Amino acid sequence: MSQNGNFNGAKTEMIRVGVIGYGYWGPNVVRNFFAVDHTRVDMICDMNPNALARAKKNYPGLEVTTDPDEILKSPKIDAVAVVTPVWTHYKLAKAALENGKHVFVEKPFTSTSEQAKELIELAARKNLKIMVDHTFLFTGAVRKIRELTESGALGDLYYYDSLRVNLGLFQHDVSVIWDLAPHDLSIMDHLIKGEPEAIVATGECHLNGVEDVAFMTIYFPNNVIAHINVNWLSPVKIRMTMIGGQKKMLVWNDLVADEKIRVYDKGVQITSGDKVRELLVNYRSGDMWAPQLEQVEALHAELEYFADCILNDKTPFNDGHAGLRVVRMLEAADRSIKKRGELVRL
Amino acid sequence: MSQNGNFNGAKTEMIRVGVIGYGYWGPNVVRNFFAVDHTRVDMICDMNPNALARAKKNYPGLEVTTDPDEILKSPKIDAVAVVTPVWTHYKLAKAALENGKHVFVEKPFTSTSEQAKELIELAARKNLKIMVDHTFLFTGAVRKIRELTESGALGDLYYYDSLRVNLGLFQHDVSVIWDLAPHDLSIMDHLIKGEPEAIVATGECHLNGVEDVAFMTIYFPNNVIAHINVNWLSPVKIRMTMIGGQKKMLVWNDLVADEKIRVYDKGVQITSGDKVRELLVNYRSGDMWAPQLEQVEALHAELEYFADCILNDKTPFNDGHAGLRVVRMLEAADRSIKKRGELVRL
Amino acid sequence: MSQNGNFNGAKTEMIRVGVIGYGYWGPNVVRNFFAVDHTRVDMICDMNPNALARAKKNYPGLEVTTDPDEILKSPKIDAVAVVTPVWTHYKLAKAALENGKHVFVEKPFTSTSEQAKELIELAARKNLKIMVDHTFLFTGAVRKIRELTESGALGDLYYYDSLRVNLGLFQHDVSVIWDLAPHDLSIMDHLIKGEPEAIVATGECHLNGVEDVAFMTIYFPNNVIAHINVNWLSPVKIRMTMIGGQKKMLVWNDLVADEKIRVYDKGVQITSGDKVRELLVNYRSGDMWAPQLEQVEALHAELEYFADCILNDKTPFNDGHAGLRVVRMLEAADRSIKKRGELVRL
Amino acid sequence: MSQNGNFNGAKTEMIRVGVIGYGYWGPNVVRNFFAVDHTRVDMICDMNPNALARAKKNYPGLEVTTDPDEILKSPKIDAVAVVTPVWTHYKLAKAALENGKHVFVEKPFTSTSEQAKELIELAARKNLKIMVDHTFLFTGAVRKIRELTESGALGDLYYYDSLRVNLGLFQHDVSVIWDLAPHDLSIMDHLIKGEPEAIVATGECHLNGVEDVAFMTIYFPNNVIAHINVNWLSPVKIRMTMIGGQKKMLVWNDLVADEKIRVYDKGVQITSGDKVRELLVNYRSGDMWAPQLEQVEALHAELEYFADCILNDKTPFNDGHAGLRVVRMLEAADRSIKKRGELVRL
């Protein structure tokens, strides 16, 4: 693409990607960039020689380096995937954008909302794309939930409540909130209409000085309330989200192979009783229904969309602004948790 | 007992109980007072004639009444079980104590901590027993968990996290916190050493003006943190408690028939790394173990203990003071939730 | 009823029942005969004095006896419930019928098909009802499954496959087949159109000389096949039945509290391919649906139906003939298992 | 290896593998042959050009072909993996052995026991290895179960009962028995001491003339009984095996992420009662325990073992003889099912 600068024959374009970071998630990014039609990986960078050796073994023909500049400044690279710890995102993404490369950044987008804003402006000025890797938005599960919320099938939303716990992985630089909550915050941002108003976060540090157990409440307009429970000290891995609406309610269990989403024809209605000011609560308890979900690998769908946004000059919905909204909520949670649950307005 | 006023032949004593309230829980109380060796029910009171008709059908020989005074003032009644809405507890329990009767009261003990204190003093003065129906403390599950925490098997406690959700039952006079959280608060009070320091509660009302979804964080000394998630708008019923300790962690799922408690030989340890100020996190992931639990009906065990406390003049551990401690936390939660998560010190 | 011999005022009739056998299941029968509108228990018989003492404690006003003749010959008893081991059914039911009493008999109906035939004839001659306690036919689950099979929702039936295993209870007189398989045989008989053609049974004895692990295959017309796996040596209790049809398939898990029945919009279709004699197999994999089930206690519904059949002179569908069909299959299974799986035609 | 014919420097040997068949399982075989230290893939063969294109995309440097002879006769190939339908195994494996290549063959080994015997003899004569891909034997689960049976922890074995059902995949040439039962037959063969004595198989064809639902009982000495339930028409995927022993019992659920194996301290013991010839059955119901399992990919471990057997001239336990034993049971099952459950002695 950069080689011929020609968008006309979009069908035959090939976006050449440099991937920085080949630890836990990087290999998935590389594999999928290879699998997607219009992208291929040209170079991989990692500080760890063992990681590079693994990369070499899996992809013999590939260039590898320990110096990110080889990717950031390479004229043949069209796009850079930043798959590194969050504190490095800003610097790497900035250099990539400055060198005219589109950027695909791991979540959370940046360490501060200031950094996020600067990157958004830079990309806009250079007419480059930023996509933040909110992978979950591309799962069959979230797509189905969004379809149910958008179509009004659930009715007015009451709550979003998510349990996302497991044993580790502890990270040195960030708390469990920055590690696990971005998933839910990006999903919430995608599903719930209206801007979040305020956040209350509580939690505790037991080991290395960052919160390893934390609970967030996010207030939305119209009495919609969200709650996120993240924990690095849980003996069992749980990924369960309950979403309650006026008409229907659903439970999303992401760890089961089948029937990840169960929609319940259950609800509560308030009617006026005979006596003055009496309220009657009526329950509706009907069938349960587990819709068939699309069986795509989410990261594959996301990287296809990344290619599509670049080749056809579209603005991704998981762009820098979406990344910024998540970072803002993380910052608010940090402020609240330090004051033991003080309400922080957004 | 009242018949001969003689405690010497304790083995042959029979405590005569009057039960006020024959709605959802009352029938269980009556059935178990019959089943326990040294108690029997002599009279049942309920305002609802249908409830009394049901009582008559199941226990043809029993006296029933719509007037609580017939029980409260009856000379043949030794003890009164108050199985009515919380706002009536104080008045009924007070009258029972004043008339020289021991009292078994539904949870939560009273509507205010002032009421609780008054009842405690009155009982002390009259040398009568108060037992608050914290039934869960008598389950095989909680007894096993207490055994594990007391013996040090779990190591230092990190967190107590409970999910207690279902569809309804909405109550007109109390929020979901007063309805569901007393279970967890009484269990916490039983298991965790040290007094709770402060509470943060958040939640939302969607239907009839009381919170139907709520989240509580309770701070304890030594970085122990408790969290309770209660919800009347959940399409599924969940009763799951996770308890994390330094040595072991456990998950208690109260709704499964077998293996309600799973103890995980999993943990995290912090060691110093090679470099200055480097901390290394080590995971331990071993076997899981589900101990066999006692198979008694909790309420039966509790009422046996009630009889034992009366006949042998023991102070129950679930006495008025235990009830008061729970009411104090409920009051604090109410204050916090009204101010959207403000920290309320206990 | 015996009091006035008058059927006109059916609403006010009361069938007086004598219950023989107050071991494991008897108390449930007694409790439900009390709960049903037109029945009441007048006498309970058991050989075991402890059982009678328990009966007395629960129902103070009731007559109890260790002599079945006191029930069988009592002029005030209208119907006898035989809740005893299978080898006693014939003798007790015969005496009851001879004394002009309707009979409710535990499953399996009798020890031999000859006995069953004799009782059927006797009841017909005396114009009395026999109901065999195939309780499962009255559960919300089986009623829903029957609705689905009758309505054609499942399409042509392919198979019925049931797993019914647990630890014990070993019985001295019968094998695991006679203990557990009657449930499935009666359900199969209720659901599958057409007479079973032949049975193959295999199994093994490990402890006391009767099979404790057994597997039955029952061939029906039109390639319908049924399979029953019963086991007294299973560490876990499982009650799972899969029913496959051409249009839909379902799984019935009787031990879960909710969503006992899951209907899958899944199937396989054979179409002709392009090449001669080529068959293509197409899969259909759609949504799953868990219908809301009736929440009645099955035994209560069954005993109400028993009263209805007596008072309104109806023939129960779970009559002696239904009981006989199950006994015939049990006999065939016994013959097959002794010859290690030999096909036994019915 | 073929390059220098030198076994001395075993550490630096590299076994060059040709893989025939790149459909469903072939890609896993190729990926793992790359990952194992002493093997690498040099050529892939498939009749389907789309499969070859996929292979090319994933492994750009690799030779691909539609002609198996290019692999079978290539002087640079040391070993051939036959990952094709069962009816082609004999011919391909024979040609590979005749050309001096070690063979890794998919299960089931061959279509007939005669073919299996011929290949075993040929390999012996040429001093080449045959390994049959009984992958499950290399899972952490089966290794742990074997440890438990070998150590005597389970006590004398009572039964092996396996449920292996799912929707499809229908195959044109083989029944559900040949498709799914080899897994259990190879595991049984690995775990149960003593030769199987006889087989009873029942089943039914509903779609394309081969059994799609089938049940096998396998009799072993000492009252050990095995049972296998395989079904291509099940709406849900289940992989559950129960193994009952005199001392302990276990349930292996292969589809859960954690705690695949649960060992129950449950059992039944027969003791003599007071009366002559009375037998008492005592139950033991204790804790449950889920041992931590090794987390290796089974196929990786198996291919490492394949390399080890070749380089160090060991005889694999999953050799041609193990493959033959499974094929003999499949043949017996076929004979039995055609005669509707006739006992076939082995």
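Observations on the model:
For clarity, chains are labelled A, B, C and D in written order, and residue numbers in each chain start from 1.
One rule holds in what follows: a contact is a pair of C-beta atoms (placed from the backbone, for glycine too) under 8 Å apart; a residue touches a chain by one contact, two chains touch by 3 or more.
Being a predicted model, the structure only gives us computed values, none of them experimental.
Looking at subunit A and subunit C, the chains in contact with each of them are B, D. The chain pair A-D and the chain pair C-D differ in C-beta contact count, and the higher one is C-D.
Per-chain Cα centroids separate subunit C from subunit D by 40 Å. Distance between subunit B and subunit D, defined via averaged C-alpha coordinates, is recorded as 53 Å.
Along subunit C, residues 236, 258, 285, 288 each make contact with two or more other chains. Contacts from subunit C toward subunit A in the complex involve residues 258-259, 265, 285-292.
Those residues of subunit A lying in contact with subunit B across their complex are 158-159, 161, 163, 165, 167-168, 170, 172, 198, 200, 202-208, 212-213, 215, 217, 219, 223-225, 227, 229, 231-236, 242, 244, 249-251, 262, 264, 266, 268, 270, 279, 281, 283, 285, 288, 339-343. Residue ranges on subunit B touching subunit C, taken from their complex, read 34, 57-58, 60-61, 236-237, 255, 257-258.
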